[in-house]
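Take this structure first; my questions come after.
Which chain is which? They are A, B, C, D and E, in the order written, and residues in each are numbered from 1.
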Amino acid sequence: MLEMQNCNVFYGKAQALHDVSIIVGDGEIVSLIGRNGAGKSTLLKAIMGLNPIKSGTRKFEGRDVTNATTEMLGRSGIAFVPEDRRIFATLSVDENLRIATVMGRKGPWNLERVYNLFPRLKERMNSRGDTLSGGEQQMLAVGRGLLTNPKLLLLDEPTEGLAPLVVADLIKAMELINAEGVAILLVEQNLKVPLKLAKRQYLIDNGHIRWSGKTDELLAEREKIEALISL
Amino acid sequence: DDPDAFKIGAVLPFSGPYGIIGKGMKQGAQLAIEMRGGTVLGKPVEVTWEDSETKPQPAVQKATRLISSGAQMIFGAASSASTAALQGITEQRKIPLLVTISADDKITRANGYRYTFRTSNTLGMEIRMAMEYTKAAGLKKIYAVGADYAVTRDGLEAYSAAAKEAGVEIIGVDYAPLGNRDYSVIIDKIAKTDADGVVLIVTGSDGVTFLKQAGQAGLGKTKTLFGPVLQDEVLAAAVGPDSIGAASGVRYHYSFDNPANKAFVEAYRAKYNEWPDSFAGEAFDGMSWFLDVVDSTNSWNREDWIKAFEGSVRENSVEGRKEMRACDHQALQVGLWGVVEKGEAPYPDLKMKITNVFQPDVLFPECAE
Amino acid sequence: MNAQRLLALLVAIIISVPLLFPDGQSVSLVNAILIWSIFAIGFDLVFGVAGMLSFGHAAFFGVGAYTLSLLTMRMGWDFIPSLGAAGVVGGAVALLFSYFAIRVSGLFFALLTLALSQLIYIMAGTKLRMLTGGVDGIAGVPRPDLFGIDFYDDGNYYFFLLALFILALLISGLIRISPLGQALKAIKSNEVRAEQIGFNVQRLQRSVFTISGIYAGISGGLLASLIFYVGPQMLHWSTSGDIVIMVLLGGMGTLFGPILGVAIFEIMREWLSTQTSHWYGILGLVFIICTIGMPKGIAGLVTQLWDRITPGGKS
Amino acid sequence: MSGAEQAKHVLRCEDIEVSYGAFKAVTNVSYEFKPGLLYGLIGPNGAGKTTLMNALSGRAQLSNGRVFLNEQEITKQPPHARTWAGLGRSFQITQIFSEMTVFENLRLAAQAHHFRLQPFWRPVGKFREIANDAERVLQEIGLESFGHISAGSLSHGDQRALEIGLALLSEPQVLLLDEPLAGVGHDVAEKAVELIRRVSQGRTVLLIEHNMDVVMEISDEIIVMLAGEILASGEAETIKSDPRVRTAYLGEEE
Amino acid sequence: MSTIVIGLSMGMLLFLLAAGLTLIFGMLRVINFAHGSLYMLGAYLAFQVVNVTGIFWAGLIAAPIIAAVVGALMERIALRPVYNRDHVYQLLLTFGFILVIDEAVRILWGLEYKQMYPPELLSGAIEMFGSSVPSYRLFIIGFGAAVSAALFFMLDRSRYGMIIRAASGDPEMVRTLGINVSLVRTGVFSFGAGLAALGGAAAGPLFPIELGMGFNIIIDSFIVVIIGGLGNIRGAVMAALLIGMTRALGYSYAPSWVDFLTFILLIGTLILRPEGLFSRKGRTA
């Protein structure tokens, strides 16, 4: 589904990603873990075309899309849920969701289903985006991502600020959408979630991929790996 | 102390919306110099043109520069504010300032500015013309509209006082902000009165706006619209046919019948292929006069020029006889009054017809503070 | 630090031109630059440091000019106390404005200050004409009369202005690195956080607005005496616009940038306008190109170039 | 109020109500916070936790009710005055000075705390205590190697750490922390919990957090909000077993 | 009574002047100081087209179209590189536009005033409440109402409006949804420029067409936009009518205080409703 190869990304002169390669297979949930400032968000943004890739390639569904713009990637089926939520402040909750459907990709997600997943959003339907509480904004960001009916979902700390009950619902929802064939690349600080959901893990530190492998292997080798990336 | 050229510093608006004034004045003054062979006191005349931007600060700054590079006189400034600012510096540096357009009465006041000379009209004389016209046209009830600033307020007050004396009734007065954008409410108000005349003490675009909007409401059909500086051919063209019948003081007009004017108009048309507007005519007249005076002194001492200019009489100006009053350096002259009418080629589509010529004795009061 | 010194050097060169070429032309130009620079330095405290876009500074500038003119011409005050009064009145009007305007922020602040200053403009031009001379203003504003020096000579007046300019620059430099300056930067960056760590946002904003009003009042008084004239044009919002443009052109938020902006603006006005009557259009093109090509104004460009030619040095 | 009662609580709110249009984000909340205790504030998303904190710190307008700090009414006081009176806070949605370096961020907070009217002719760099305090907190939040980096280019988690640092520097008597651990990495989180525990010594802390392990572990008392009102409050064990809390917030398995 | 009709027409005219500004302001967060110049350009273009074709309506349609092309070019060439910068730099940029456009108009059309008249159909006046109200004024009322309704539906009710509003806050995020933001931006700016020119063309028969005509309307337009709330079409209409009425009443009782009143109205509004009369505020923490 997605294949990033030897990607190098810079902020000004500072290099944030070094020769990073990762693969997300069809219908797979993969997670990316690492400590603060390791480069996780940078990588997600690079995949989405929000950070320019200085060298390296990006392939999506077998096609080379290294030079594709963000909107082309969005249209071809990648959705991005950013860590800082980035709700459209002046749009209502409902509009924040509907705008994701403008490009009209077909799929199982529609407004109703998102409202069912997050009933709280339905209650706040007509409120402006920037009046929501932190957790409500997080739900909205996830809902907006889902509504584009993506083939690949990039989730950057989607459970941040969510109440435990909602987290549980979200995990169930992720399992479900994965079952519907959507691949997920997940970044999480709360390690319980990726360890539960993802079959494969990438460990990133200081802009380098230090380790990758199955979740069971990670659990087995935990100590060694913790030393490696000082988790 | 014989410099190799007679240097004139001209500070006029060239950029922005007032560029049209600068253009006319430049063309008129250039022709004045050309028609005298380009020399004065036996030396070539050299003019440096500077853009005043119609703002006081650049005007003064540029005048300062011109003076320090040897200008013998300063010519210009269009807006009264810039002229007032230039008067400060020319008095300071003892350099003659020739004014041919600003009309504010304060520019030439008794025992005021020693180095300033104005050869053109004052607003005061134009207001008096408007009063004379009111009487001549037999208007009995007048509605007055003025721009809300000092000069026009004073003018309108003077007009009202004169009206009282002449038995003309002022049935309403409105002051609208300068640069006003919409007169429709005032026009509507006036239409509902039984005034037979509307005096408009506004200038430039304000007059255009009023006449355009009055035309659409049909105000001109029942009331005579007139004002001291309401219309000239440039402004009439901006209003269009609705300006026909509007009466106004005229600073200068190419149709004025005298040999000097005929010669000027001919030369002007030959050179620029257009009719001289009032900016050009007044600039031509002032510049010619001033240089003639300088020549007559045969001296490079500026004080001599000042003395010679005071009381100088010019019998053959393009507007007839002019006399530079010694007490306030204001040129006494006739006043022209005209009405907008349809023109035929070679004249513009809308032209001013001179209907009255008022004599200086009714237009200029005694020289007083 | 190096680039900073380079900028200081540039400024020093510009303002010392009259010392090197003491002819009347450059002196009058530099005098205007010095006066507008005082205005710009003060304005940037509000605009560049505190991040408040004011479109009302023309009011303080003009009110200062009128104060000086009226006190010297009508009340017979000496020049120096009148100049002081110009500063005080400029500051007082600024303080008064701030009570209305600081309640709102961003563009609303810009528009509110503009509206307040336009009120003063309208008053000065029409309703207060007995005092202000209306639209035609007041001509004949005097210059100082000190130590028997003839300040009507631009060359001598230059030294008077230079002294005030240096003083203004020093004070502004101190304010920038002082606790007050730092607090203002914090407010500009994040008002919510600044308030929460305990800065009295409104009071700090009011203080800097008043200080910059004093700068504006003094420079307005000086300009009136430079051109012997004061008129309502100085109060018009386009004067506020001019100062914003100059500061942006030079580099907002820097100590020397605004001065460079003023210098470039005035030099262009003097030089370009003698070259062509289409100079407004060319100036416009220059502004457009500067905005696109110089994200941080002239000061930013100089710093950037300096850093490039001296790769070792840190800025 | 008698002297004996005064010592019992530092912060007290009475019948607080915050409404936005017809919507009441907080209603009917009265609570007394005792000195030296750590309070955990939990509740579903949108329950009004942050709004309550806003009401206490002066960021939200009260449509009803009063707030007292040390028995002084502070209901009408603006946020900065409350900070001076000893009420500091962190924000759920990060509020830092993005254009400034991390060190400058902290120095500003220290500056605001130390001097209210510093002489303006002395460069701020010359005040020793300010720099020392900033330096100390920089270490505490583990950003010592980022001191000269502009705060806006920190990663999300590091920004969250800075957010805590800024709140700490005002050395408040009452510290309000709004989800300080959200987004903070696993390793740092442990340190941060330690930090919170340490700073809570001798002061009152109100902590909003969705990480139940942490809340249950370090809180002396837990307050549960639901739909703008206080649903329950008490010790961790009682709260955990409260069925209303389980259905509304915690969920069944734990 | 006729004062009310005139006030209505003044208000609608103000709205037409300000519509393009509020669009660009609200949607792109761009402070377009060159709005007045585009307005002037519109008037000159309309004059030119009417002069050649002799048909008023041709001018009213062609001027906005040409100005929209100019606007698109301005956006592509100059505005695009500065979106990510502090908004105040747009002041310098659009101030540059003012000078360039004004100069271009001066070169193309010279210094003289130009004129335009209402079309034959609308050149008369209609007797109404004892006054004769020019038919063109009545047309302005209807036309303004139509434009405002169209804009309202476009911005507040259609998906384009939603996208535009979203992009004004966070263009990158809109991009991730697969939407081409730069196209949207060019479209909005160009549309706003066209609206400015439409205002100019519609105002042509009422005011002198001259260099500098744009300068005078800028402040008026800003007042409408701010009182109405940034980018709020309904608010802009209300604000324009409010100012129009205030002015009309002012002219009938105390004309010399009209400007004063307008600013007092503005200051009062901003003090009572700091974010404009018709806008809502988000939370800060």
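Things to note:
Keep this in mind: contacts are C-beta pairs under 8 Å (C-beta built on N, C-alpha and C of every residue); 3 or more make two chains touch, one makes a residue touch a chain.
Bear in mind that the values here come from a model prediction, so they are computed numbers and not experimental data.
The minimum number of touch steps linking chain C to chain D comes to 1. If you take chain B and chain C together, the chains in touch with both are E. Any chain that touches chain B and also touches chain E is listed here: C. Using the mean of the Cα atoms as each chain's centre, the chain most removed from chain E is D.
Taking C-E and A-E together, the chain pair joined by more C-beta contacts is C-E.
Compared with chain A, the chain whose C-alpha mean position is the greatest distance off is B. Here the spacing of chain B and chain D, counted between their Cα centres, is 73 Å.
The distance from the centre of chain A to the centre of chain E, with each centre set as the mean of the Cα atoms, comes to 42 Å. One finds 29 Å separating the Cα centroids of chain A and chain D.
With centres defined as mean CA coordinates, chain E is found 47 Å away from chain D.
In chain A, the residues touching two or more other chains are 131. Within chain E, contacts with two or more other chains are made by residues 102, 106, 256, 259, 284-285.
Listed for chain C are residues 122, 126, 192, 278, 280, each touching two or more other chains.
The part of chain B that touches chain E in the complex is made up of residues 16-17, 19-20, 23, 148, 174-177, 179-186, 188-189, 191-192, 205, 208-209, 212-213, 216-218, 234-235, 237-240. Chain A contributes residues 48-50, 69-75, 78-80, 82, 86, 88-91, 95-96, 98-100, 102-103, 105, 128-131, 144, 148 to its touches with chain E in the complex.
Remark: chain C residues 23-25, 27-29, 32, 122, 125-126, 129, 133-141, 152, 154, 223, 226-229, 231, 233, 269-270, 273-274, 277-280 touch chain B in the complex.
Chain C contributes residues 174-175, 177-183, 185-186, 189-190, 192-201 to its touches with chain D in the complex. Contacts from chain C toward chain E in the complex involve residues 47, 53, 100, 103-104, 107-108, 111-112, 114-116, 118-119, 122-123, 126, 192, 237, 241, 244-245, 248-249, 252, 278, 280-288, 290-292, 295.
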